[in-house]
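Look at the two complexes coming up: chain A is in both, with chain B in one and chain C in the other.
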Partner chain A sequence: MSNAAARTLRAHPLALQLVILAGFALFPLAGDDYLVVELTQYLVYGIFAMGLSLVWGYAGILCFGHAVFFGLGAYVMALVSKGMVPGIGGALASGWAAMALAVAVVALFAVLLGYFLFYGRLSGPYLGIVTLAISVIAERVAIKWYYIGGYNGLTGIPPLSLGGREIIDIVPMYYLIASFAVGVYLLCRRIVASPFGTIVAAVRDNEDRAEFFGYNTAYYKIVIFAVGAAVAGLAGALFAVVTEFVSPTMIGFGMSTEVLIWVALGGKEVLLASFLGALLVRAMESFLSDVLTYYWFLILGLFFVACVMFFPRGVFGRLLAARPMATGAKAGGAGET
Partner chain B sequence: MWDIGIQLLHSLNYILVLVLVAMGLVIIFGLMRVINMAHGEFFLLGAYTVVLTSQRGLGFWPGLVLAPVIVGLVGMVIEWAVIRHLYHRLLDSILATWGISIAIKQLIIIFFGPAGLMIKPPLPQSVHILGLVYPVYRLFIMGVSVAVIALTFYLFQRTDFGLGARAVIANRDMAAALGINTRRMNRVTFTFGSALAGLAGAVMAPLMSCDPQMGLGFFIPAFLSILVGGAGALSGVLVGGAVVGGGDSLISFLFSPVTAQIVVFSLAIVLIRIRPQGLVGGRRHE
Partner chain C sequence: MDDRPDRFVHETGRHRVALLETQGITKKFGGLTAVDHVSLKLADAELRCIIGPNGCGKTTLFNLITGHYKPSGGRILFQGRDITGQAVHRISRMGIGRKFQVPGVFDELTVYENIRVPFFSGQRQPMLMFGRMDAAAHDEIMANLAGIDLASKAGEPASNLSHGQRQWLEIGMVLASRPRLMLLDEPTAGMTVAETRKTARLIRRISAQTGISILVIEHDIGFIREIGGHITVMYKGAIFREGSYRQIQEDPAVREIYLGRRR
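On to the complex of A and B.
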């Protein structure tokens, strides 16, 4: 893209977002069912990536185990909607209630975990290692626990229904997931642009200074951690619906690695950039992994290293950063300077 | 009763190798403030060096000698190409080494395939000690590990190099002002730490099925050992390695390896939360 066009788009962030939205809205009209099915899945990954972007990009919490929340959401969704949780049946076991429950359980888990970690003054690199260990623990538990399907996972997750009709067809499913993506995006943007979001950014940029200003930094970290986890949990629940399947790989180390790469390559400080990063990497993977086989992941790994070294803001980060630094500069001196 | 004796020796064996891996990590972290996420893959490279020499008919022993050399060189190149550009960006150095770990793992898959590979045991005999029948090779591993751990302690506590290294750990700028070449110190440390991981991988290769995921299986417990023991002092690694490695072997023996991993990792996290400075570490100023 030429510099002039990029500048025009950056000057009009709303126009850019509308262009992207229109692209997604019109996509199914292209009529290729296979691509629509693929894109539906990528959208779910995109939502997942936005969850990590909140935690990592906006709050500066390096989380190497974000798939724990994704997988937990998927498992709760699967277990509840299949009626496998004792004491929860009937209307409570319907798809939507199961989804709400999945998000709530994940958020609660994240609050407890955050309370445990952030009040313990674990930060930065240590937190990364601890979350990595947690994702390995979660994967092992999921493999070992026979009731939740063990190594094979769970299949046959019932579809969601809307207005008495089940959403099974490809195109309605696509629009359902796309509306979730738009909703999550708008909500997250609202959060990061709010006074709360400004304080979170201040904690990220200089935790000590934020503390001197009288903010309980652990509290803010816990809340944003829980929000980011809940978004990942929602993505997990949607993934279970879309693929009708959950397995231990979704909760573990591999998935945590992937989401980290998407977000880093897209641009962790910008929600939309992280979202597009997930879509871009997944789309390239599905096209290139046939051609490149094992070399694809090698190239991705090296590209990731190059990205960390030379473009820490990601592929889309610079382009999509609406009014760069604006939120930080207004933060009464506590933001980026 | 005899089972318990054998089990104790097995635990000791695992603890010593874990300490070897953790030691490489902790000197790199202590001196350079870099968390080397590719450390598990250095272990992997060491193991596959031995696999390669075995496949080529050279046998195990040349591989054992080559592994630390090759992995040390790989470490040196990575330090030169990537790490030295990221010294003041701690989180970025974690991510970059993470990317390197993915690339190395994938290279191993490309050259050797994703399946597990076994090599012929180099010392198949057993000996009688203290009334137990125990494989000679495992005793050999313990001997090598103890020797290398002792050597590392000697190097860091008793030599001029070690004095310089500890000066850099204590205060990098002051050390540089006193004429210590900190850049060279970084390169040497990273090379040495990598070589330790390579050696650990090589000695463990005959005991396990070598597959591309085995690095992570050592990286996480090694890192947890450091955090449990305390990253401040070299001796913390010994305590942390004993707690994590001993706990893992004990629970593996009583229940299963998977349960052991779940329980030990969880307990380690709780321990780190309660004592962030580690079991050994005193007050640590950042």
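On to the complex of A and C.
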């Protein structure tokens, strides 16, 4: 894209968003089914990335265990819709009810976890270490607990149905997931643009100062943490539906690190940039692992280093920033060293 | 909030309502007594400066009032209510706003958003996640920015502002939180002479227009003269003298500990 075109789009964020939306809407018409299957999964990862963007990018909470929420959502979805949870059957075990339950369970878990983390005044590296430990524990539990499938995970998750018809074909599935992605994006954007979002940003920037203005900062962190977790939980539930499969790798440390990389590469301060970051890295992985087999990790690592050095706001962060960014100070700061 | 009888105190020859009162407030850090039995009464709508050499306990006194430190002894009354040892955000919500010595602006936020954060503090509206700004709120924020001469910078990140502008922005932020009492910790630190004079005028105007009680910690003598009003001198953690600018300036003991050493 030429510089002039980029500038024009940056000046018209709505136009840019519509171009991106149109791209996704038209994709199944152009791509073959294999690519549509791939992209459907990437969209789910993109939703997951937006959840972390809220928590890390907007609230400044560096969470090393965001996959715990993704995996928990997936497992709840799988267990409930397969009728494996004692006492929950019938209408409650339908796909949509299971999904709502998955999101609710994840949000509740995040509120509880957040209560201890943020009223315990954990921040920075300590918060990272605790969340990291939780993700490792979650993965071990998932591996060792045979009722929920142990190492092999759970398969045969029933499809969702809409208007009495089951969504099995890939193109309807793609549009369903894409609608979820759009819905989550609009919801999250609304939250960050609200007065609540401004307070969250203020807490990220200078927590003590926000507290002196009378804000119970722990409360704001818990709420945004729970929202970000619920979004990840929704993504997990959708992932279970799309792949009809859940496994311990989805809940663990490896997945938590991956989502951090997507969001960092895309641009953690901008929802849409985080979303596209997930798509970019997954697409790169798919392409490069075919060509380079396991050397692709090396390329990803180098790419990551390059991004940190040359695009501190992420590959898409600058382009998609909704408002004028701190160009003077930020660019000046980077140029001094 | 208004169910208590107002407290009348004798203050500089007039009867006024005591908004803030510290009763023998004391803070010890190990063996060091940073604030030593300070009893201070601040009337409604009063503008008062606290001066004193470095390390005399001025900022510690502010930290005690705002709940940042728990006092080792004594009581703090605000609007007649005992607020000693309450949580920081609770005290802030009661109407005590504070400007820090180091400008406490949100660098990553725009100038507009910096005012927006305190604007929604207090009981203005429930912090719903999907809440929106109404036009009246927007106008009020822009009026606030106009008052501190920063309306033209509304869309810029606060990190772009000059030192003086950041200090004014923070005064605007404290004002936006609608306090009953403003604590200003060295609002002119690092300012040029012209900026200092402008700041003094700004504070006087706020005091006259809003009736907010203002307590200012300052070093700059020019600023204190410009502000006028009652002055409290602190020395080694305790109140040393109280009086007008002239009384303080002419007091030989004050000159000895404080003014005399300043050239």
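One rule holds in what follows: the second predicted complex is superposed on the first by the 321 of 337 C-alpha atoms of A that agree within 3 Å, B and C clash if a C-alpha of one lies under 4 Å from a C-alpha of the other, contacts with A are read in each partner's own complex, and residues count from 1 in each chain.
Simple rule for what comes next: contacts are C-beta pairs under 8 Å (C-beta built on N, C-alpha and C of every residue); 3 or more make two chains touch, one makes a residue touch a chain.
Quantities reported herein were computed from a predicted structural model and do not represent experimental measurements.
In this superposed model built on chain A, chain B and chain C occupy separate space and fit side by side.
Residue contacts after overlaying the shared chain place A:Leu132 against chain B, while chain C stays out of touching range. Looking at the shared chain after the overlay, A:Glu211 reaches chain C, while chain B stays out of its contact range. Of the two partner chains placed by the overlay, only chain C lies in contact with A:Ser194; chain B stays clear of it. The angle formed at chain A by the C-alpha centres of chain B and chain C is 80 degrees to the nearest 10.
Of the two partner chains placed by the overlay, only chain C lies in contact with A:Val223; chain B stays clear of it.
Closest C-alpha contact of chain B with chain C, superposed model: 12 Å.
In the superposition on chain A, none of the residues of chain A is touched both by chain B in one structure and by chain C in the other.
Partner chain C is touched in their complex by these residues of chain A: 190-191, 194-199, 201-202, 204-206, 208-217, 220, 223, 227, 323-326, 328-330.
Chain B contributes residues 35, 82, 85-86, 90-92, 94-96, 98-103, 106-107, 109-110, 216, 220, 223-224, 227, 258-259, 261-262, 265-266, 268-269, 272-274, 276 to its touches with chain A in the complex.
For chain A in complex with chain B, the residues that touch the partner chain are 62, 116-117, 120-122, 124-126, 128-130, 132-134, 136-137, 140-141, 143-144, 253, 257, 260, 264, 294-295, 297-298, 300-302, 304-305, 308-309, 312. The touching residues of chain C, when paired with chain A in their complex, are 66, 88-90, 92-93, 97-98, 100, 104-110, 113, 116-118, 120-122, 125, 127-133, 155-157, 159-160, 173, 177.
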